[in-house]
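The two complexes that follow have chain A in common; it is paired with chain B in the first and with chain C in the second.
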Partner chain A sequence: MNEFDYQQLDEIIHSRIRLAIMAVLISVDEAEFTFLRDKINATDGNLSTHLKKLDEAGYIAVNKSFESRKPVSRYLITQKGRKAFEMYVEHLEKLIKK
Partner chain B sequence: MDELTAQEEIAFIKKVMQDSRKLVYADGKEFIYWGIIITVCLIYTYFTAGYHVTGSVNVVPLVWLFFIVLGGIGSAFFIKKRYKTARIKSLAGQVLEKIWLGNGIGMIMVAFVGGFSGAIHGVYISPLMSSFLGGSYYISGFIYGKKWVSYLAVFWWLGAAIMFIFPGLYVCLLMAAMIILLQIIPGIILYRDSKQEIAKSK
Partner chain C sequence: MNEFDYQQLDEIIHSRIRLAIMAVLISVDEAEFTFLRDKINATDGNLSTHLKKLDEAGYIAVNKSFESRKPVSRYLITQKGRKAFEMYVEHLEKLIKK
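On to the complex of A and B.
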């Protein structure tokens, strides 16, 4: 095996949109769906799909509530997600240093 | 994945993280709310201390105390509501809250403990408040990413210098005017901007 094995990269995070979601969520305590959508410049459907993947992997958690009778979803990174993100960045740094 | 892509990926992550860390929810509501309370108290103090129009001078500190407690209750309500409804919760937002809370307590100490104990003459309370406010605006503008808010600090400090050098009853009116110009109007601008931002996101 090479010093750096690209297969070590987390496939869940290794997508531009999911990486952006993780990078935003690791920087804030909590973010609303519409905020993530505007920040990442994604469509509602596309963002929902990627958020679902991250949620299923246990990397993010969602708090759903109602405000003025409208459903509001707020996302936050989990401990597992934080660790996975740090590992991902570590792998990238290893690749650069190689 | 080659080295270039990895570098691009790292740069992308850094940029997103830096942009997100700076984000803070600024709706200006507390600027307006506190601005109105303090302006009313200052005008009341001016007419009571100078012309006894609104009652005895001895009541002035109690009126201030009443309004500051009222202000504190209102602020707690705003913070609770913001905590529930803000689009993001960030470290920058928490830092900002702590700065204003810390400075607010400092101002209460100066005005009430300093004033009641006689350590600080009443006429110097406004310039001291103005100095504290200048510091808070300077930091807040930096955290909001709005330079114009930081620049307001210069006017707070300039006003403080004038009030220290030329003390007198007029400082109540000058301070009230400064609060309208440097706090209530900026608060309205921040409120309008936040409304526009929310409308764009819907």
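On to the complex of A and C.
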């Protein structure tokens, strides 16, 4: 294996905003949209777009519910997402540790 | 400082191919185009595009010379590039170590 091969890095995770989303979600059970938004310092639109991409890849899931009659979306990392993140970090560390 | 703020990551470095270029260059004195290309597994066109971006940012420099009448380009990381890479890695590690 060639650790400098850039294609080893999962391109779904390797976007600044999606990487930040994954980094938050790996450390919590689940997170509300507004919590994520403030944590990673994104706009609503930008965050929505990238959450959708991660959801489509099966890396995150969303729990939608109503609380006090208001809709609440909670995001969580899936097992597939956790595995992908771990592999991504492994490749990344090999790359930057040189 | 908020370590999850995705905008902390230098977007010039944070592209898979440019990150791979920087990772190679940080570990060598200088590298020829073909060496870089094979090392990171890029196409000529793609590599050229991204070397130009890093050059414009002042992160790398190029030494052009002739050897046996053939033009040879050698790329090296600049002091600015080295500093940017170190800061990038520092932010990245804070982000993924959570």
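Simple rule for what comes next: the second predicted complex is superposed on the first by the 94 of 98 C-alpha atoms of A that agree within 3 Å, B and C clash if a C-alpha of one lies under 4 Å from a C-alpha of the other, contacts with A are read in each partner's own complex, and residues count from 1 in each chain.
Rule of thumb we're sticking to: a contact is a pair of C-beta atoms (placed from the backbone, for glycine too) under 8 Å apart; a residue touches a chain by one contact, two chains touch by 3 or more.
Treat the numbers as computed from the prediction; the structure is a model and nothing was measured.
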{"item": "First (chain B), second (chain C), both or neither touched by A:17", "value": "second"}
{"item": "First (chain B), second (chain C), both or neither touched by A:67", "value": "first"}
{"item": "Partner chain(s) touched by A:57 [first = chain B, second = chain C, both, neither]", "value": "neither"}
{"item": "Partner chain(s) touched by A:87 [first = chain B, second = chain C, both, neither]", "value": "neither"}
{"item": "Touching partner for A:95 - first (chain B), second (chain C), both, neither", "value": "both"}
{"item": "Which of chain B and chain C A:39 touches, first, second, both or neither", "value": "both"}
{"item": "Partner chain in contact with A:27 - chain B first, chain C second, else both or neither", "value": "both"}
{"item": "Doubly contacted chain A residues - partners chain C and chain B", "value": "6, 9, 16, 19-20, 23-24, 26-27, 39, 89, 92, 95-96, 98"}
{"item": "Chain A residues touching chain B - in the complex, by the definition given at the top", "value": "6, 9, 16, 19-20, 23-24, 26-32, 34-35, 37-39, 65, 67, 89, 92-93, 95-96, 98"}
{"item": "Complex interface listing, chain C residues touching chain A", "value": "2, 4-7, 9, 11, 14, 16-17, 19-20, 23-24, 26-27, 39-42, 89, 92, 95-96, 98"}
{"item": "Chain B - residues contacting chain A, complex", "value": "1, 3, 6-7, 9-10, 12-13, 16-21, 23, 84-91, 94, 200-202"}
